[in-house]
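You will see chain A twice below: alongside chain B first, and alongside chain C after that.
Here is the complex of A and B:
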């Protein structure tokens, strides 16, 4: 998978979850976090070739799960 | 299926290994969407976007190759789980006062103290003379020489 830009809408994703995702997946790619009015924007580059097919999707899942856990107590 | 002609059906779009559909937040609480998504992250890649105010778009991407039928089934299962989460929330909200009352009574009511006192009195009244070490061995309960006939 080529470099990717992922936008996490502020109204749907928790800031702490996005930061946790950046930290957790930072060892497999270079992830630059920026913010605009509506979203947290992650620019994902230099993805580890071993994980390039799934990294962005796994990162998005991770951030969503962290958000869900923080907003609904986790035990859904 | 994605023409939106019938409001009673789940309207979805199929893409490469992915299916997406929009939910209205007035119908589906965001916490219910999170609850359903949390249960699906091990089965699919779930991503949420906001196509317009008051709407949440859910995109489910399969973890491997998937047929159109499998994607449609995945979306349907997510929708079912969404309803399940909604019902759980409603039941939880409807019974919250009962739970609080029950807990308060258990912790602070006089009945709890009385029950403990009664239990302690019952323990005090027990005759343990025949078992000074309070170790009752099952085979001695009715035994009296039953070993070896």
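Here is the complex of A and C:
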């Protein structure tokens, strides 16, 4: 069972941003990306114990920031 | 291990139907607040209804959300502007608190001394009468119609002649200034004599002392000379003053010794005894002040300090107990809670210089050191005493009042504490009630702005506001609100009350030796 499952709704989050999040945080946890009709779904396991308190929240923040940056045409 | 599941959706927002507000979560509830300090707690579905524009006139929440200005339809913009003007009316008034350090000498050696006191033989740290006169001439130029001159130290009673001169000279000067002028003394009581005490009572100088708890805690925190007992001294004089006010026929709710405590690790272990002591002495307000990162506290932190989480646990234990005592008919309130509650429950801001936007440094208060140097605040002079003059504003010999309050440093502190302009604070639901502390930030992170969300003050203020709103939210019968509203009431004192009474009979058992002070009496001030 995953430590956490995060569903990023397609109506809000950009696909590139979700992929960027997986890449950026992949070195601190195992992150499996799947998709369904409504959302990008990240199953997060094996979180680095040093970061387990914050990793999921920081990942969600990162994806949101990347989405905002992609919509405004600049870097986050 | 339980699985955490997060679903991040795009909320439906009918932005053209909403007035402007901030929001956040308190437990399972959503709190919404606006600039005039109105707030409401909603269930998640209600919040979604609000965002989605589904709160129509039939909705049970419509009336209250409309009245509080959270719905744009029929929004009373002029009314909100008027209320905001009232909340912020302190902005145009200038400093109302003048802190004067008549000496840095002190006979106590408190473990947390924020003031960096000096030894009793350091008479070079006493304020001369010549400097005292210049200080009064300076602070009385404030445009504020209300002025509280607060004596701090060191222990101000060891330089009692300077104190008397300042009271008498400022009162004389006020015959022409016509301000509402008050004087208060922060003293450890250990050098108090009956002659001094009677003079203070007769001259309406309000007395504030430090009482850290029962003898075990007080004497541990506030070390005095060998063989002496600081606790016995402070208890004696609290009772003396309070009895004297009653003898003079003064209302004890208005005329009494205020007491402050500074929380150390030792206090946390004895929290209930501390409150019981205050109640037994008839003290109506306890201010559960945390340690500040100034003075000797910086070097003793490892022994007497604690984490923000530990402080909040202590604070909420105390407040639950204080609430229970109130339910039993005991009149006692908590200082920081009263400041927040006044912002949450009344149309006014208490103008408490430490929890304001902007913070009061330079705009709500000025501090004058024994040598005539001018500082943006009490904390600024504490930092100066540690050898850092960043917050110095000049000297009474060569700096005008206008130059001091328009000093670039004052402007920088204001910019760093106007919540509307600070990232994260500007959007925080607690903004209408909170206040940031640039000088704390500077001491902890060497940055006026700092990463505020990581500061102890943020944890403290968020925790306290959450606690208070949670209590009001679960208040089915209105009993909590009735208690909280009592804590927000502040009545002015009549300076003539009881002054025609006879002088006291001398108490032969009075204590006539004593020691120093630290802490300060900046209690909420109504304007």
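Assume the second predicted complex is superposed on the first by the 70 of 76 C-alpha atoms of A that agree within 3 Å, B and C clash if a C-alpha of one lies under 4 Å from a C-alpha of the other, contacts with A are read in each partner's own complex, and residues count from 1 in each chain.
We take it that contacts are C-beta pairs under 8 Å (C-beta built on N, C-alpha and C of every residue); 3 or more make two chains touch, one makes a residue touch a chain.
Note that the structure is a prediction, hence the values are computed from the model and not measured.
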item	value
First, second, both or neither for A:71, with chain B first and chain C second	first
First, second, both or neither for A:32, with chain B first and chain C second	neither
A:12 touches, of chain B and chain C: first, second, both or neither?	both
Touching partner for A:4 - first (chain B), second (chain C), both, neither	second
Chain B versus chain C as contact partner of A:60, first or second or both or neither	both
Intersection of chain A interface sets (partners chain B, chain C)	7, 9, 11-13, 60, 64
Complex contact set, residues of chain B against chain A	30-31, 34-39, 41, 45-50, 56, 61, 85
Parts of chain C lying in touch with chain A, wherever the complex brings them together	1, 3-10
Chain C-touching residues of chain A, taken from the complex the two chains share	1-9, 11-13, 39, 56, 60, 64
Residues of chain A touching chain B in the complex	7, 9, 11-13, 57-58, 60-61, 64-65, 67-69, 71-72, 74, 76
